[in-house]
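Down below are the structures I want you to see.
Both of the next two complexes hold subunit A, though its partner changes from subunit B to subunit C.
Coming up: the complex of A and B.
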């Protein structure tokens, strides 16, 4: 998989919780496209419209706090979001992002520099976020997590590397 | 090493582990509820397609529905039941109680074990001396069900030392709400919280429970309390299944040590939009409420009904207020019946609901309109969680919920405790 993406940003504040990202009543679905229709629904149609025109979500501290629902990551994948750049992540959201193939990048200075609608470029291998001619670095993911992201998430990763070998998931 | 490091070392076959290492650990218990079980079952059967490695370690509790509100929901529950039967996993059906209370009452959770679950409040099991963390559906379907394992980054540990004694009218739930505000949402991201101190030591297990419960809402990976005689007596009273107690070494290494004294606290209320919006009850006193509820994750304990009865005995709640009473387990309802609490709270104007997670997420107890407000013992107050995003949700102790039901507005319970 290409380790670089470019895209338009939608910017949120601190402590964006999972009830805002995807309300609990839609949790019977795991289909990314179906979930995508309800992503950020509590913030209204104007926000949803901007979300659909974006490829990168930018947020403050503790993005994805609250429930452990994996659909908070899945619905963003479904709506066309490739990466979330935040000052910090709630840990279950970070885990769910990796497991669903969504890039989750911690870079607080980049978040400060990015305005709504900006174009950013992210390079996962180099560990850089670029916006308006400024470049910010972050430590690249460990190899184990990169392999899950490259496969498109945990299930495709297991299907490709572990299950065919009758593996024990110790790898 | 501390308790969590020792448990993770043992579960991953190592002598010791250090914070920051990633380990693949054996999982002792997987807890799922009716909002996550169906999805996990679909991913497991349709995409993973391997046998259930340890069916005896997988527990499914239907707690968000005590009865399905629609045909579609009924169908989902039925398909999930069939999944449970196909794979021989434990199923606790509707009307038995909240996932975490049931897991403890029925002996599925025991000290020294690795507990994972799709409910974000799974870290509450650190109360019994477990390493307990919330994971997502794919982790369960892809790793825990087929292999009995999960990957974990060993967390850095912060000591949260609680000292002091609460004043009359102030409860352990007030202390836990206050502590959420002190640490702050995201104030402990990725950390393990080791709860210690004289205040905690003096509490009974169901009151200690309220502290690891908040771990997730300050961003922590887990929270835990070293087991003592009280813990062991508590566990032995509910199960005769064996367990191996793990305790922290004396003077373990902490990333940070935080100390708090609860002696001067007033009753606390956390108002929407987040738990961090917590203030002494006076800040919200007089704000109207139409709904009051003793229930939800961490609510509906026997202790909550006792507190409410202390205020509501011989009184009537305000006209227009609905008081939902939702036991966290059948055992709690049975005890409330024996103690006369069922009658006292019914006579005061309350209504008893089946053991469950209550009105959490508006699944089967209706929803709030934008003009309504609820005060409850629930664990969260996020906008839209129980209906309209404009509805206000106030969280407080059972004493505060009862006092507010009497007044029809947020009220300081100390007015009624003379």
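Coming up: the complex of A and C.
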């Protein structure tokens, strides 16, 4: 997988919760495209339109707090978001992001520097976020997480590496 | 150097000699819980083309979020789960009549001290009330663990919370937690294992410990923990779980904590979390008088037997205010059975409550949602925008005692007025 992406940002504040990202009533679906229709619905159609025109979500601290619903990450993938850059993540959202192939990058200074609509470039291999000529670094993911992301998420990873070996870590 | 609860319990479940906060280990959970999300795991498993499970005896399924089914789609999802459980020999399967997964599993002896449990629900931290390590994950991760038996976990840093009691009349574990969440913030314990200690905690029932550990998630905790003691052992013994069926894990006295937080509960007044964030907390004096359309007594945080008993104690001899709906959703069938047997059910109905079947109910946006502009005071654990119906509705969170007083007044009220 290419370790670099470039795209337009949509910026949110602190403590964006899972019920706002994808309301509970839509959890009857696990289809990324269906879920995408309702991503950020509580914030209204103008926000949803900007979301659809973006590839990177930028947020303050504790992004994705609340429920364990994996669809909070799936709906962003469905709408075309490739990465979330935040000051910090709620732990379940972070896992769900990796597990659905969505990049979750912690870089507080970059978040401060990015404005809504900015174009950013993220390099996972190098561990950099670039915006408006400024470059911010973050520690690269551990190898184990990179392998899940590179496979496109936990389920494709499992299918490729774990199942063929008999399904358990010990073979 | 001493070890925390999290360091010890993960070392055991990962089969390694010892762990230290920050390490990443492959953990074999003792129990993998999935609730209404079970069908998503089954569909994901089908996509993988795998039919072999690591250990069906480590899987528990409870049909709780939308129970009974309210659409043909939900009915089909639940049917899929029943058939899957039968076909794969999953014996720990509870159907739509059982109630909220967490409470059902604890009440029926499936959760024991020292266990590691993952669940498709963020409030899995509740299992810490019995000295177990519970945490929420997504459905892909549960599916992967069904097959592989393990998942990676980072050994969390621990936060030690010391609570001094006793509390004043009219306050309870919910007020303690709302106060803590308000002070520490919605990310005050992110990634951390939260250990509850102190004389107040030692004196609590398992029910109140459940409220502490459940709400710890609302400050971002990965695990919550109350040290197992005689209260724990008695609770388990009542459910047929004897001490030879588990191994308690206690933190060392010289364990290293990232932070220690002290809370004096003796002068605490009832607390209320205001819309739309759980850490937007005010003492009741600041919000008393706020008009409500509905009061909801439910959820894994506060719809256990003791919670409903507390509400009934205040509601007896009173009636719900005109124009206000009081919806009571017992956490489990076990809770329902007890309140029917000892008259609490009748007392609530006579006071004007609508009692629904056990389950997640309105907390998960099922029965009891709101129209535009409406206000609910709820005993649940989340007040996020749109969680209970309209995106233009508001949710306040408080204890069962505040809920009962509020239902009587039709506006947020202090239960101490009913002393």
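One rule holds in what follows: the second predicted complex is superposed on the first by the 167 of 171 C-alpha atoms of A that agree within 3 Å, B and C clash if a C-alpha of one lies under 4 Å from a C-alpha of the other, contacts with A are read in each partner's own complex, and residues count from 1 in each chain.
To be clear about the criterion, contacts are C-beta pairs under 8 Å (C-beta built on N, C-alpha and C of every residue); 3 or more make two chains touch, one makes a residue touch a chain.
Please read all numbers here as calculations on a predicted model, not as lab measurements.
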Overlay on subunit A: subunit C relative to subunit B, clash or fit: clash
First, second, both or neither for A:46, with subunit B first and subunit C second: neither
Contacts of A:23 with subunit B and subunit C, given as first, second, both or neither: both
Overlap of subunit C and subunit B interfaces on subunit A (superposed complexes): 15, 17, 19-20, 23-25, 27-28, 30, 42, 61-62, 65-70, 73, 88, 90-92, 95-96, 99-100, 142, 144, 153-155, 158-159, 163, 168-169
Touching residues (chain side subunit B, partner subunit A) in the complex: 22, 24, 35-36, 38-39, 42-43, 47-50, 72-73, 76, 117-120, 122, 134-139, 141-143, 146-147, 149, 151, 185-186, 189-190, 216-217, 219, 221, 274, 276, 361-363, 380, 382-385, 389
Residue numbers on subunit C that touch subunit A, as the complex places them: 24, 26, 36-37, 40, 43-44, 47-50, 52, 54, 71, 73-74, 77, 119-122, 124, 136-141, 143-144, 147-150, 152, 186-187, 190-191, 220, 222, 277, 279, 364-365, 382, 384-387, 391
Touching residues on subunit A, where the partner in the complex is subunit B: 14-15, 17, 19-20, 23-25, 27-28, 30, 42, 61-62, 65-71, 73, 88-92, 95-96, 99-100, 142, 144, 153-155, 158-159, 163, 168-170
Subunit A to subunit C touching residues, read off their complex: 15, 17-20, 23-25, 27-28, 30, 41-42, 61-62, 65-70, 73, 88, 90-92, 95-96, 99-100, 142, 144, 153-155, 158-159, 162-163, 167-169
